[in-house]
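Heads up, there are several structures right after this.
Two complexes, one shared chain (chain A), two partners (chain B, chain C).
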Partner chain A sequence: MNEQTTATLGAARIDLGDLGPRLFRGGLVVGFAALAAAVALGWRDGDQLRHFSFSWLVSFAFFLSISLGALVFLPIQYVTRSSWSVVVRRLAEVIAMALPFLAILALPVLLNLGRVYDWASPQPRLLTPDLAAHKAPFLDPTFFVVRWVFYFAVWTWLALFYWRTSRRQDRTRDAALTRRLVNRSGAAILIFALTCSLAGMDLLMTLDPAWFSTIFGVYYWAGGFVAFSAVLTLITVGLQRSGRLVGIVTAEHFHDYGKLMFAFTFFWAYLAFSQYMLYWYSNIPEETAWYLVRQQSGWQRLGLLLVVGAFLLPFAGLISRFAKRSRPLLVFWAVWIIVLQWFNLYWVAMPVFSPDHVPLGPVDLSCFLAVGGFWIASVSRLAAADRLVPVGDPRLQDSLSFENA
Partner chain B sequence: MNRATIAAEIDNTAYDPARPTELVLGGETFTSVTDKICGIVEKPRPPRAWYIAITVTGGLTAVLLAAVFHLITTGIGIWGVNSTVGWGWAIVNFVFWVGIGHAGTLISAILFLLRQKWRTSINRFAEAMTIFAVICAGLFPAIHVGRIWLAYWLFPLPNYQGMWPNFRSPLLWDVFAVGTYATVSVLFWYTGMVPDLAALRDRATTRWRQIVYGVFAIGWRGSHRHWHRFEKAYLILAGLATPLVLSVHSVVSFDFAVSNLPGWHTTIFPPYFVAGAVFSGFAMVGTLLVPARQWFGLKNFVTLHHLDNMNKIVLATGSMVGFAYATEFFIAWYSGNPNETFAFVNRAFGPYAWAYWIMVTCNVVSPQLFWFKRIRRSLPAMWIIYIFVNIGMWFERFVITVTSLSRDFLPSSWAYYRPTIFDVLTFAGSVGLFLTLVLLFVRYLPMVAMAEVKTVMPAASVHGGPAHPVGDYHGDIPHGAAPALGQEVRP
Partner chain C sequence: MIRDGLWGLLVEFEDPRRLVAACARVRDAGYRRWDAHTPFPIHGMDEAMGLRGTRLPWIILGGGVTGLGAALLMIWWMNAVDYPFVIAGKPLFGLPAAVPVAFELTVLLSAFAAFFGMWLSNGLPRLHHPLFGSERFRRATSDRFFIVIEAADPQFDRARTRTLLESLGGTVVEEVTDEAED
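Moving on to the complex of A and B:
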């Protein structure tokens, strides 16, 4: 173990300490209670838990996208040799390390595919027999599960690599480890891009097996990256409120958080617009069918909410330097973005379950709290295992004295 | 370049996380930077090679003018376009040149916002190249309209006939997108150059130079107030130019993607076109910069570290392009749409298979060699790959445009497209125009942004102490203090 026993950097506290177990227990309690509530509420609906399953899928896909955002944030920081992010990198490592635990949360979906995926049900109704036969090699339940085992294996392997190497560097202070991480990160991004975009298509695009869009995988990723930036902001502020990381993460770092949220909000909207505009303009029924469902029976209100709430308002709200450096404003927009990005996935997935009305209700809230509770429990458990700052990184000093010049 | 000069390269690509990478080598000082960069422009006569080069490129430009003259006086029929393939080389060339025009603004705007300090050595050159590429690009749709004397109808000008352009046409959006991009790129390039133009003015020894550089330096005196406004303007322009980097090629992709044509109509087109544009732009910057740094003695500014970084961007964007090809293929199959599947199988195995496989080899396979450190740092290897990418990206646009058009829904109207000699001459002429402008640029304007390069030299850093030139080789500077733990750290 390292000779350094006090977990402080300067005067600041850099361990989770007693907060870790409290968050862990709290997360588990909320998770199990909400899960019980969600199942009970779902049962009462008398739809063989279909609403529950869809809703679980939405929240699972949402928290998965956040952890995937962290998983690509890390290699991007390394390939670009960024030093600003060193002080907050451990938080991203921990968020990415929630991926193996998310594999457990995937079970309610994977164990009963037919409940949410029309192509896996005994009587598919969304595909013509011809199309069903054509797509059968890919939309095969066994192959689907094999793919998901593969995705989680790859993601866990990547997340472990970053977490372990970084923690080893805490002890050894070995600059060679940073070089090694830099050298491997290019390949990591490539592996990530391939698995994440295919996983996004698998998880959400195949809900409507007749519909297709080449940009969909990137769209899923971009929304997740916005949400990840917001979650990173919230976690950092939360830790500072509890007296941790004070003076380590400064307004300069928050400024960069704000830039990430701003830039990727725009990028997400750009992808959403590209997809919508091209399909609307060409007006081919097999492509517009997906939007047609989402433009009636109340879903159009949610769609407009996304245009205004997930794009225009945060765009305007985060454009100024002042907003990006003000912690209260950043917290407001981070919460806002998280809620709206969850609604984005809700709007993508739920119309397949309920095309005729927006079934927003306590089941959805319960599922969100359940997945979120378990997710927080796993993240806080992992964060408690070590210091919250990678103290062995040779660029730590650069990061601490970082300025947005 | 011979073997000796290659061996003399200083390898500053090794990454030491504990200290910043030296971006300017050779013990350069502020004075020597100014002397060297201005010196290129101030030579009374350019080298003989410059005259030879501009004679060749000027000749090609004359060919372009002749070809365009023949086109205007005769008609579009001199080209190889037919009623099936109504878009031929002209559109291919347009997209090719616009794509090349992406690196400059990406380097100057996006890399600026991302604090990539290495951009300072190459941004001026890349921005200039951007503008020249956009000029070449703008030429093609203008001469393709048929009656070029009515090309101004593309603008929504009120006129006595009460006619307006078709606002639903992506070709009109192009007019606005490319027009805006060209305007902002010129402004950005010029704004960044003002302090350097003032330096040239102040050093000018002839009346003629004093007047010309003086006019374009718009009264720059280097006061604090000037610098303050300069930095502010630069940041605002960078912010404005950033979405433009995405928008121009997105709109160009709409030319294809809004149609109902298989192979064109796919939602990945906008970001995929942008990635391809950056890819081709960096390849073109590299194509020109590798020889330029050799001939004009810029090796201390455009170091192997810079080229290494550029090659990484080529690798990243090339992989994105490959990813997009793969996604298109997969969705073409997954969609179960027979027309879509046919379009892609036809691309890879139809009559244009030769073009398709040139594209794949050049765009997907060749940049993958940049995974190897040795290749990223070898000047001949990288230059060859840049040439491959230039070829591959031209063929990408050819494959997209021609294969989808030549075989659409009605087999009876299928046709094979062959360019005529005038297609070839016009394209070769546009290359001549581009290179002529580049040669004029390197002769009369500062090739490296002196004022910006100075800001990334150690002497400019408050922590760097007094002007302390960084040495020629590694190991001459003690490593910076390791991060201290338990020490008072207050940013």
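Moving on to the complex of A and C:
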């Protein structure tokens, strides 16, 4: 580390310090309180906790997609040998490390398959008998749980690899570790792509077991990656407002956050439209049925809200260089994108539970707060374990003095 | 243009940091028609030269909106007005079917606007530039850094401008003539 790097790091606060335990406790309190509220409210509905289970699935899938976004952000930075992202890479490592904790949050879904998944219920309604027989080998409750154990094992293994190696480099300053990370990241992206898209299909597409879309896994991933970019922006701004990372993360890095949010907003919309247009054009009943449900009984309004709110507005709002470099505007769009991407998963999952009306209510908010609270508790606990900046990375100075040309 | 074909004054630097500092001084002296030439992009140059933002994004936006509008209008007119033909029970003008073409044309005209807008604002294409007459200037593409102040600048004065350039810490000040005028 040269003198310039030492001086910049020395002048800034790069540990979570007392904020760590406070966020951890706060997250747990919010999590447990919201969980109690969600279960109580769900119980009152008298639907054997079906609304609660679906709503939990939506929020679980949402926060899972954010951590998965972080998990693929890391290998992408290594294979492209990016230097801009080094100063914020530890934050992504920590967000990815929340994945093993998300496995605990998956339990309400995995222990309860029959309440949510038609194919796991005693009397499936959505499949004809011969179709059910055809799909039975894959849509088998035991095999489903085994797959999820496998997904979480692979993701935890990957997240641990990046987090541990990067922290070891903090101490050893060994540039060979970066080479090792670069060399393995290509394979990591492949493994991620396969597990993430299969998991997205398992989690959300099989809610309607008669429907299929080959692009669905990527669609789930893209929405999650937009949300991850937004969350990374908010976390960085939050840390800076508490006096951390000041002078380390600059307008140049925020500019890149803006580019990520902008580009992946478009990518998400591109996938959503690709899926829609093929089904609209070929007009085959078993394919269009999924959209038919989502184009009536109020769901069409939520669908239009997504077209305008999750695509057109953030696209126009983030297109200019000025917006990407303005912290207040970035914060606004980050919050906006997080809310709208949650609504995207709500629109995907909830019509299976309630095809005749949009059941949006306090149960949904409680589930969001519960999963979100636990997620923040685990992320802040992990972030408190070490410095917030990978101080041993050989590209650290490049990242500190990074400028968008 | 100018007497005896003087086109401008050129000063050479060996070090990009000196160049940036020198640019700030030329900027502060109030010159308008001048430029810096370097073999690679240098961070902080825009600020040191006092360059304002480019109009190019607005030109691109114009190109993109034109492409979008033209595509939708074309598809609507062809399919719903000029030659209405029902295909697979689809509406004569269905927005989902129009989106791919509209998207492509938006991108195409945005790219054209970016490319040709850049040419236009840089005064391209042109076959010759007076600076190409300077043997020394050829190293601007490998290992030397230059500032050139044009004689057409309202503040240009052969003696005073030369004094300013000589005080910037460069290696050589050279007169550039426009040989086409001779």
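Going forward, the second predicted complex is superposed on the first by the 396 of 405 C-alpha atoms of A that agree within 3 Å, B and C clash if a C-alpha of one lies under 4 Å from a C-alpha of the other, contacts with A are read in each partner's own complex, and residues count from 1 in each chain.
Definition applied: a contact is a pair of C-beta atoms (placed from the backbone, for glycine too) under 8 Å apart; a residue touches a chain by one contact, two chains touch by 3 or more.
Nothing here was measured: the structure is a model prediction, and the numbers come from that model.
> Clash or fit: how do chain B and chain C relate after the overlay on chain A?
Clash: chain B and chain C overlap once superposed on chain A.
> For A:117, using the defined touch cut-off, is the partner it touches chain B, chain C, both, or neither? Pick first, second, both or neither.
Neither: A:117 stays clear of chain B and chain C.
> Once the shared chain is lined up, is A:395 touching chain B (first), chain C (second), both, or neither of them?
first
> Please work out whether A:375 is in contact with chain B alone, chain C alone, both, or neither, and reply first, second, both or neither.
The answer is neither, since A:375 touches no partner chain.
> Is A:73 contacted by the first partner chain B, the second partner chain C, both or neither?
In the superposition, A:73 contacts neither chain B nor chain C.
> Check whether A:281 is in contact with chain B, with chain C, with both or with neither, and answer first, second, both or neither.
both
> Should A:192 be classified as contacting the first partner (chain B), the second (chain C), both, or neither?
neither
> For A:320, is the partner it touches chain B (first), chain C (second), both, or none of the two (neither)?
Only chain C; A:320 stays clear of chain B.
> Check the contacts made with chain A and report whether chain B or chain C touches more of its residues.
B
> Check chain A for residues that touch chain B in one structure and chain C in the other, and list them.
Correct list for chain A: 277, 281, 403, 405.
> In the complex of these two chains, what residues of chain C are touching chain A?
Touching chain A from chain C are residues 41, 43-44, 53, 57, 88-90, 94, 96-97, 99-100.
> Which stretch or stretches of chain A touch chain C in the complex?
Chain A reaches chain C through residues 273, 276-277, 280-281, 283, 320-321, 403, 405.
> Going by the contact rule at the top, pick out the chain A residues touching chain B in the complex.
Touching chain B from chain A are residues 4, 6, 8-11, 79-81, 83, 130-131, 134-135, 138, 173, 175, 178-179, 182, 186-187, 189-190, 193-194, 197, 212-218, 247-248, 250, 252, 259, 266, 270-271, 274-275, 277-279, 281-282, 284, 286, 391, 393-397, 400-403, 405.
> Can you tell me which positions in chain B touch chain A when the two form their complex?
15-18, 113-116, 243, 246, 250, 254, 257-260, 265-271, 312, 315-316, 319, 323-324, 327-328, 331, 334-337, 371, 481-491
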